[in-house]
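Across the two complexes that follow, chain A remains constant while its partner is chain B and subsequently chain C.
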Partner chain A sequence: MKHSTFLLFTLPSLSVMFLFIAIPIVSVFIQSLHIEHKQVIIVSENCDPFGCETTTSVDTEASAKLKEKAPLGKFNGFKTYSNRMHFAFDEIGEAWNSSDSFIDFLKKIYNYPLYRALSFTLAYTFVVTPFVLFLGFLVALGVNNLPKLLKGPTIFASLLPMIVTPLVGSLILFWMVDGDGVIGATLQKIFNDNSLSLKASPVLTWVMLMVYGIWHLMPFSFIVFYAGLQTVPHETIEAATIDGASKFQRTRHVVIPHLMPLAIFITLILLMDNFRVFEPIISFRAEAHATSISWLIWNHLRESAYPLYNAAGATSMITIFCVGILLLPVLIRTWRDFNEKNKG
Partner chain B sequence: MNTKIENKLTPVRIIAFVFVALWLIVAMFPFIWTLWGSFKVQADFFSKADWANAIFGFHTEKQTGNFFTIDGYYGSWIEEEFWRAVINTSIVVFFTVLISLTFGTLGGYALARSTYRYAFWILMAGLIFRAMPHMTLVSGYLQPFFAWNVWGILPTTIIVLVAINQPFTLWMLHSFFLNIPKDLDESAMCDGCNRFQAFRYVIIPIMWPGVITTGLFSFLLAYNDFTVTSMLLSDENETMIPAIASFLGTVQEEGKVMYAVAAVVSATAPLFFLVMFFQRQIVSGLTAGAVKG
Partner chain C sequence: MFLKKLILGGLTALFFSSSLFAADCGPNGQSIRILASDFPAIHAIANSAESNCAGSASEFTRNHTTEARQIMNAAQTPDPAEYTSVIVANSTLVQLMNDGLVRPLNDLVEKYGGNLKSNQLITIDGKIMAIAFMANSQHMYYRTDILDKAGVDGMPATYDEIISAAEKIRSAGIMEHPLVMNLKVGWNVGEVFNTIYLAHGGEFFKQGSAEASINNAKGIAALETMKALVEYAHPDHLTQASDDTQGLWEAGQAAIGFMWGSRGGVILDNEGSSAEVTSNTVLSAAPTVTGGSIPGATLWWDGITIATNVSDSEAEATFAALVSGMTSEMVAANNDDAIWLIDGFKPGPAAAGVSATAQGGAKSYPMFAQMGLLHNALGAELVDFLKGAESAEQALSDVEAVYETAAKDAGYL
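Right after this comes the complex of A and B.
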């Protein structure tokens, strides 16, 4: 295809991606380097017969002027990255010196928002992903063994947890595990403890969010594995059977190696999706015990009266950096494959 | 190939059967429970005393005279004006899908037919863009959108959703067009068509299966989005999902949780039918990128 035709065909698509994905990333970076102007404050002294008192007021005009001159705010360098909302270097140094044990030190670090969010996001990603892979594979094997008539309805029912909006899906579960909901109330009865609440304990909140994540994404790995199972070569299975391989051995030595490329693909998608976990935290109202990086950015932008663009920008840049690290192995692999293909 | 031995009930098959049955219960039960419960009053749906109340509607019958009530739906759709959100969602979803597919088919076709190295780089960039958490992008939009005074309106959200959707659409349609033999459009070009005519008269008539599958996923992305819509839309332009989220704040305290439950069921129902009618396409879409490598 000629370069000019290629450009014409891809122009609309490339321009929206450039304008709304590439440029925002740059703009986020610039945002993160600036800090909002301080309000210009006028101090005036009023004296009356009973003495003098000083009053302070905001000079709105001067503040507005300052904002107009430099709408991004004051240049702040990388200070936003190192403040206590983010990497909190000073505080960590202090915590290191004042802690008597490593666990004590970790506990102190966990109090800082970024580390809190990072620890949940990473834990979520690296717990949910393997569970989804493993359980999805098992269900795919199971469905493959079902009579043909049942396969269609099973796939239909399996798709629902994935298709339904994360916010809505997690709300549905949240209402069920609520102290008055069907699961929550039943659990209270089983353990004979009326104050038992899945929402009150940090550990149970984490577990609940992860269970939701597994429930939500398992259909995806199930469907992909199930489709992969249909392509396992029949001859190899038969040959293995003739050689005396048991069902387990056939699965272990024929089916799993055949599905390996699929597992890598699923892992990649799951890592990307799990790393941006956000909606369940809103639905479960879990922010007291579990926050994710995306939630942190949302919080910077939403919760305070004035959006903290610099904090949101810095958190976003840190997120993008983490995503880059997650993707690096895949990118290197693709790059190698591509080069080999081109050489050959 | 199905011999009798394969259909025999072995212990392995029984375990597999039980396991799948368990998964089905886990997958389906929350939806059935919530759908049924949405026609009850709060005292039944959130019944601490006895979960059976939610099934038989003990309090519902006492309060409304019938074990079945649509008060929740009336409250959310009419009182809280959920219908507005439904209309907004329809607009956003329709245009997002339309524009995404138009841009995506053009771009995906070109990427599939180009033999140059940059096509590969564009796809790689797409993969990286696909991995960006949406929240990071949203934090970059707010300041410029406020400055240009385009925050809060539907067109802005639509174009942002199109952009966020583009990497996935490109990848999917790219792999779909790779499966359409090159010879088809090339022979048309030998007969004197230029590239655009070949695309118009040869590719467009046969591309619909792939476009429909991709369209379903664009639909899901736009319909399910919370991050972008909740941050970029003003209150009166709110779509369904952020509307449900804001219900939670206001409605919970007033004892109107059932409004939110009804809204949740209303938002889920279209997806239910979508899966029912397009199950085959969704499955093939999920596996398209994967099975072919």
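Right after this comes the complex of A and C.
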């Protein structure tokens, strides 16, 4: 294909990407460098049915004038990135100096929202991704070996966790693991402990969120692998059988290499998806024990009275940066494979 | 044909007669759009306004949502605003006023507010910004039968008495977790701290400044009290808000509750619970600290406001309609739905807790412009202390640090 034709073909998609992805990212970045103007505060006398008290209120006219002059807010540089809500450089330096052991230092770091969110997000990503990949592959193999009659219904049933909306799915589970719910009450009975609560223990909350994540995402890797299995060449399998390869050897040496590009594709998607874990934290009301990067962004914007656009913007930029780092190894590998193929 | 005419005639007559007797609805043909939270008392006010004045308005829409607080600023900022009126409470009035989204009502009160009482008027520096119609606060709920069974004399009035009563119930083997409180991470857990801190006589900010001042002896004492209470609360307490605690209470799984007054009517009615629970539930004042006098609660009011960014005639029609709903007939029909501030209210058992708390001298929820930011910080940072992961001093210094960062970003410091 000529370069100019190629350019013409991709122009619509490129311009849409530029308009709806590139420009918003730049605008979010610019927003993250600005904070609100100083609010003009006046002391005022406030009377309600229970009496009068002296409080403060915002002089909206004076504050609006400041805003009109510079609608973006006050320029703050990268201070939002380095403040306590994000990388907390000053606080970490202090923690380093005042800690007597590395564990003590880690504990202190865990006190800061970004690091706390990062630790759960990364743990979630690195536990859920391999499990989903592996279990999805096993389910795909299993379904592939089923008699034809059973295949359809099994595929449908296996896809259900993905069809159910994440919010609804996790809400149902949230009720089931409640002390009065099916799972929660059964666990209490098994361990003979009436105060056992999946929601009260940090460890169990993490486990619960990860199990939910695996359950919810497995159909995705299953269906992609299953589609891939249909393309495994019969001749190679037959040849391997004639050479005396066992079923395990055939899977290990023929099927898996054939599906490798798919596995890379699934890993890429899963890494990106899992890094943005959000809904289960909300539905499981797990904020006390587990927060994620996406949850932080939402939390900065949640209070409509005081939306912290700069903090949300900074956290968003950090998310993009982290996803980039996360995907780098996989992308480098793909690039290398591509180059090798072209040489060959 | 004849029948059709008759029905049509009858309907027209009905229409005219109803509009004849209708209240003063202000200018005709205006659009009235209301945003409000979602509980029975607010429905009562809005229903009554709608039945009075929907006929003379070109449009009468209502959006009742528990998420009203989250959307109101975004909805009211454009001109014209999405709603002509937002029904608010203490903290949400501040939230709207910070962005200049509510208008002073002095002239409208003069024109339409003949039946309003002076204590319904919420004034800031003499400007009427809202008309309150009901009061609310947190207070204690007790199961007298269980207290009797555990050998507790009378009803606990202080935090220490509550803790010892809870211990008696536990050691008698009646309930492992007799206490329910709204401790859901975020707003709820912050609010519980506010109430206990106020009972200890605490101040949230340094006088005349936006600098937080909660990391002090009173703050620590409040946190210690909170921790002692939480010992007896349901293990899932960090996920529980009003609906959950009400559910536990109605299921008979709790004996001591610190819940909202607005839940009183719902808990005491004969729906969703057993006679054993409802007949033995007594509402009483919020507790004080031992030797103290301030009930640990924040007093709240709910009231109507009128948007800044709507036309004057829409504002007038909306105000007239809503005020027309605040009658003693409306109160009589919905007496137990709220602690009404309107004439004709007969306090019943469901009102006992709030009345006692207000009379005991509890404080209003603080109306500082920057209060919401401190409340958020409390809601996020106290949890580690309650889980036992950090000290009270550390938790409070975290709260101040988080507040300071947010307040700087938002321009308050």
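As a convention for this text, the second predicted complex is superposed on the first by the 285 of 344 C-alpha atoms of A that agree within 3 Å, B and C clash if a C-alpha of one lies under 4 Å from a C-alpha of the other, contacts with A are read in each partner's own complex, and residues count from 1 in each chain.
By definition in this document, a residue touches a chain if its C-beta (ideal position, glycine included) is under 8 Å from a C-beta of that chain, and two chains touch if they have at least 3 such contacts.
Bear in mind that the values here come from a model prediction, so they are computed numbers and not experimental data.
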### First (chain B), second (chain C), both or neither touched by A:85
second
### Task
In the overlay, answer first, second, both or neither for which of chain B and chain C A:57 touches.
second
### Message
With both complexes overlaid on chain A, does A:197 touch chain B (first), chain C (second), both or neither?
### Response
second
### Task
Identify the partner contact of A:178: answer first if only chain B is touched, second if only chain C is, both if each is, neither if none is.
both
### Message
Of the two partners chain B and chain C, which one touches more residues belonging to chain A?
### Response
B
### Query
If you stack the two complexes on chain A, which partner ends up touching A:31: first (chain B), second (chain C), both, or neither?
first
### Message
I'd like to know which partner A:215 touches here: chain B for first, chain C for second, both or neither.
### Response
first
### Task
Considering only the touch criterion stated at the top, classify A:69 as touching first (chain B), second (chain C), both, or neither.
neither
### Task
Considering only touches as defined above, state whether A:287 meets chain B (first), chain C (second), both or neither.
second
### Task
Applying the touch criterion given at the start, work out whether A:49 contacts chain B, chain C, both or neither, answering first, second, both or neither.
second
### Query
If you lay the two complexes on top of each other, which residues of chain A touch chain B in one and chain C in the other?
178-179, 302
### Query
Which residues of chain A touch chain C in the complex?
35-39, 41, 43-51, 53, 55-58, 60-61, 63-64, 74, 76, 80, 83-85, 91, 111, 113, 178-179, 194-197, 199-200, 202, 285, 287-289, 299, 302-306, 308, 310-311
### Task
Please name which positions on chain A make contact with chain B in the complex.
1-3, 5-6, 9-10, 12-14, 16-17, 19-25, 27-28, 31, 71-72, 135, 138-139, 141-143, 145-147, 152, 154-161, 163-169, 171-173, 175-176, 178-182, 185-186, 188, 215, 218-220, 223-224, 227-228, 231, 234, 247, 261-262, 265-266, 272, 275-276, 278-279, 282-283, 293-294, 297-298, 300-302, 307, 309, 312-313, 315-317, 319-320, 323-324, 326-327, 330-331, 334, 338, 342
### Query
Taking the complex as given, what residues does chain C use to touch chain A?
69-74, 90, 92, 94-95, 97-100, 119-126, 132, 135, 176-177, 184-186, 208, 210, 234-239, 299, 301, 341, 358, 362-364, 366-370, 372-373, 376, 380, 383-384, 387, 390, 394, 398, 401-402, 405-406, 408-412
### Message
Help me check something: in the complex, which residues belonging to chain B touch chain A?
### Response
1, 7, 12-13, 16-17, 19-20, 23-24, 26-28, 30-31, 33-34, 45-48, 51, 54, 102-104, 106-107, 109-111, 113-117, 119-120, 122, 124-144, 147, 159-160, 162-164, 166-167, 170, 195-196, 220, 223-224, 226-227, 231, 241, 244-245, 248, 257, 260-261, 264, 267-268, 271-272, 274-276, 279, 282-283, 286-287, 289-291, 293
